[in-house]
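Consider the two complexes below, in which chain A is the common component and chain B and chain C are the respective partners.
So, the complex of A and B:
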């Protein structure tokens, strides 16, 4: 009897906490049927958790783009209302954020999420609800394959790395390489797969394939083995922190400077040169965007970003910025804020002027624009020539 | 009400899964064991279901049974090995187990290739993990058919724990928590009951992992890192470890708050931390502290007593 008395108020309280807690935020977003009023667009970034480094620049860049579009009157009387949600770098977070954006805010399109695996978990929700998704940083395989409402403006590693290998091989003439990659991360593992395929296609011999884990700090065992094999170049698929450790330890172990480090998308962070210092000199990486790019509006973008946030944008910022412009362009062409109309207009985008260069979607909704190869000189990324 | 449920269905799913996980650690904590292997057993359950449903056409319910059976089969030998340890040493050993599971999931295909003829066979798919195909859930009696199994699972666990709570078994577990030596002098087979609690907790966690698979859909090793284990522990710490209502409250509060506080953007995790900190300082026995509920009960039953007099 005593136990039961004790139980009922508890269950009551539980229900109370549960239902009041989730119900406090209810938004009122009217979905405009023609081009007037506010057009709600959702954005899901990893603003906290493991991928927060990328999510915060994406948030900044997307807000900057929305501000510019609304000021310029690009959409006539209509304004974009950007609703940004955090996914805490988890799949659960991305799923609840997509659910909220689609059902409660009735967004007409979604940008993001930051991580490829979160996209794999959350994008089918938008596909089922027929809301277009534009990924701006997912580089893994199997993203646009999820459905005809899923697009991306981030060049997958499978497109960037063959170009990197081709350009560097032509200029450096290397024949045998060693590979070092992080095998517990989707990003670095995807980069490795792309490099392996590109190297095989170009007929370059792979002397050794060594692995490490995220947050490792000692790479001397792998590097000593690689040094003994005397490769012409070392391919590294790692995030900036580990890549910096690999480069400085590699040079300390006496790997000569004539053997360059060639890296994937993970190298594309200003942090790399900061952390590795002189050891990062001469590191080569393929990228979708370069700060000194001579593409339409790139200089203005870098200046505006710098003015607003007091820091230089990186590749992830440029891709998020482009993403907002692609959506705005699709809304303008469609002349409607109907999600299906936006999808159809977006699928037809060809040779659009963006900071990434001339931008098109191919038939599979994959991005088409020229990738660049860059090299670190005096601690800065410059175009590899 | 119905609209509210359908708008927040994914949050409700995750609350229910986290309640099951909170209850899985509760049963070991109620026995005085600080075991952090729950994330590992959750991974075992999720991977079992994911592999079974990608490699064959076996129905989900069989996969769930297999996941729980595998959880029990692994928890028995591991429990026998590590339950000789106490306190922090047990925590470290069980934490190690969780990491081993994660690393096996990461490199599982290399192990498979050692024994298999087919060198291209991909089962675990390393860091990219297993992606289950998306299926639009059908609505049954107001709830999607993906939510019903979890709800039933949680109700069954709560029923079992509520029955056990005031049974001989429940009291024996409490006696082990309060004083292991005294319990053993009273004739309680401490080793036996500790192992039972550990296996029960692991089985619940494996089942919760299995049920989470169709909802999260992307099963990769990163889902089951150390911080997942800490999250599970936080549900029980906030809710309280002396009554099974504790982890239910803890998991509900800690899972729904970040959703409710979405307007705080990237600052919202601070609130969770603050709540845990305040509860540890002011409510060391958790939200389900019997003293608070005693007070509550007295307030509620007060008019009744007046009526009698």
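So, the complex of A and C:
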């Protein structure tokens, strides 16, 4: 008797499960109808050379995102196949990589390249071939202006820097600053332009503007000059390697700790504190993302990254991770792996939930999401308050 | 103007390190009339030898500096045997040496499992050693000829590529660093505003000491006399019974050791080691030896300080973007006005 009592509810439940399952599978089939097989996506990172610090985390993060997307069945029967190329931090390397990805691997979209300098050289190739490019770390001016297939999810320096200057000026009340920047690189030069504009807009006096070259190791002459002018703060637009050298040599020359180093996007790497050690304490930088951000999926992302690679992700990792999700989202919405269809779908992305916050592309394919200001305390980036 | 003392200190200690590098450079030129463009690569390897000692073997830095100098010295001797000596006089030993070297490269770069890779590498090293000995003992070379000036320059550029590639293969292309706490960071105050850090003091003192040792070595010892004799005329020295090959090896050893010392010291001072770090100092060194007068050791030392000062003073009082422009303007000026260099003399007087 007891068995019979259980039988009816069980049959009922089984039927219920069956129907729901059918319902779900038919829905997925519909939205990703023409998607199947492997969708090749290219990624061009600087895994060796001056920008290797950024490239390696980008590679890790993008691979993590692809793995998650493929496991979740977000694209139905289709899977993303990520083809990663190293551009050796050079323009030539980026051009070769783009050529290879487009002609040999027939990728439907490209992530990268790491450096703005390389992007300016390589992106026109993709534009000509009508393959969408999503830059995840190019922050210089004039990236998306290269064509309607070029996007970026990295906030340009022009948007981040005014915010950094405004917040730090309010709290530190500085009036005169000195600037030190690398003048032979589009990225660091772009950072300098953005800072200069922001400083002028806020009425802050620039005491001196000093320059250096990529791969310089000695900054003592410039820093001595800056020290003699007694600025309230020192603005640095440099990649992490050089920035670390600048900060250690500056403190060694006796620039007091009350004079903070304020940097651009190049500061945004945990490597900075690692390389400069105690000299990095108190360094301030604007950023698009912070590890302690309370954005959708951020905690899970940090945990997954940490579990897989045994280290915390940085902003570049977060942006690369977001980049893969943006592409996957565009592919899903387009329901096709046609590059032009992906481009059109990507241009329409508004208020997408990402680890960077609510993410939209504006009409010029520039990213829109809230920036943060951070400071190095005890060797780690924390929110600047 | 209050920054002037500090700028002079900046120029001084960097000039001292540059002087070390340039003296070795000019020494080889004085003796053999060749420009060894692989000096920059030797400099880089000197820094990495110390890096291996400190990070892999956990030796204190006080051992690592002499080890790096000796290592770089032997590297320079090897370089002579591989890249320059075969051009002067080719021996069967030289061919064996080259064979061993190629085997060694294949062993180091190839991607085989453990015993094969190590075996080939060791075999290569053994063949090289044999070649070295045969080369050294050989009396009648297969071929002797006057070298055109360009040939050694080209072969030293080739050697640079090989050495840089090996370093990239070994340490990666990114920047390597010494552990952070090798030296105290608290700087010494010279005046209220001017400071010098302990490591910079070490660079300055060690460089000056090595300069003194080199000058004594060249001017006061039998070996120095032999080196000067060969610089004047190799043929005459041979007739006088000087073992020319041995003295040339000594010259290369000294030159390499100086480059190695400069490499470790600058590597420590900036705490930044990378396979391409020799490029910049190479160029600066070339300027220094031309300004100082090719082959003049004292001239190279003086010119190194001059170039060091011009570099910092042009940043301090003119514009940092034009730093290198001023250095090269000096070079062109010297070439126009005094082609033999500020401190240079003609070859006969020099000896």
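By our rule, the second predicted complex is superposed on the first by the 347 of 385 C-alpha atoms of A that agree within 3 Å, B and C clash if a C-alpha of one lies under 4 Å from a C-alpha of the other, contacts with A are read in each partner's own complex, and residues count from 1 in each chain.
Simple rule for what comes next: contacts are C-beta pairs under 8 Å (C-beta built on N, C-alpha and C of every residue); 3 or more make two chains touch, one makes a residue touch a chain.
Source: prediction; values computed, not measured.
Asks: Identify the partner contact of A:74: answer first if only chain B is touched, second if only chain C is, both if each is, neither if none is.
Replies: A:74: touches no partner chain.
Asks: Could you say whether A:128 touches chain B, chain C, both of them, or neither, answering first, second, both or neither?
Replies: first
Asks: Does the superposition put A:368 against chain B (first), chain C (second), both, or neither?
Replies: Neither: A:368 stays clear of chain B and chain C.
Asks: Classify the contacts of A:183 with the two partner chains as first (chain B alone), second (chain C alone), both, or neither.
Replies: both
Asks: Given the superposition on chain A, which partner contacts more residues in chain A: chain B or chain C?
Replies: Touched residues of chain A are more numerous for B.
Asks: Determine, under the contact definition given at the top, whether A:48 touches first (chain B), second (chain C), both, or neither.
Replies: both
Asks: So in the superposed three-chain picture, is A:254 touching just chain B, just chain C, both, or none of them (first/second/both/neither)?
Replies: second
Asks: Of the two partner chains, chain B (first) and chain C (second), which one does A:217 touch, if any: first, second, both, or neither?
Replies: After superposing on A, A:217 lies in contact with chain C but is clear of chain B.
Asks: Check the residue A:95 against both partner chains and state whether it touches chain B (first), chain C (second), both, or neither.
Replies: Touch partner of A:95: chain B, not chain C.
Asks: Could you tell me which stretches of chain A are touched by chain B in one complex and by chain C in the other?
Replies: Overlap of chain B and chain C footprints on chain A: residues 48, 52, 88, 183.
Asks: Considering only the defined contacts, which chain C positions touch chain A in the complex?
Replies: Against chain A, the touching part of chain C is residues 2-3, 6-7, 10-11, 14, 172-175, 177, 180, 185, 187, 193, 195, 197, 266, 270-272, 274, 276-277, 280, 311-312, 315-316, 319-321, 323.
Asks: Which part of chain B faces chain A closely enough to touch in the complex?
Replies: Residues 4, 6-11, 14-15, 106-107, 126-129, 131, 134, 136, 162, 165-166, 215-218, 220-223, 245, 248-249, 252-253, 256-260, 262-263, 265-266, 268-269, 288, 290, 293-294, 296-297, 300-301.
Asks: Any idea which chain A residues touch chain B in the complex?
Replies: Residues in contact with chain B: 3, 5-7, 9-11, 13-14, 17-19, 21-25, 47-48, 52, 56, 84-86, 88, 90-92, 95-96, 99-100, 103-104, 117-118, 120-121, 124-125, 127-128, 140, 142, 146, 183-186, 189-190.
Asks: For chain A, which residues count as touching chain C in their complex?
Replies: Of all residues in chain A, those touching chain C are 48-49, 52-53, 88, 183, 210-212, 215, 217-218, 220-222, 224-225, 227-228, 241, 245, 248, 251-254, 275, 277-278.
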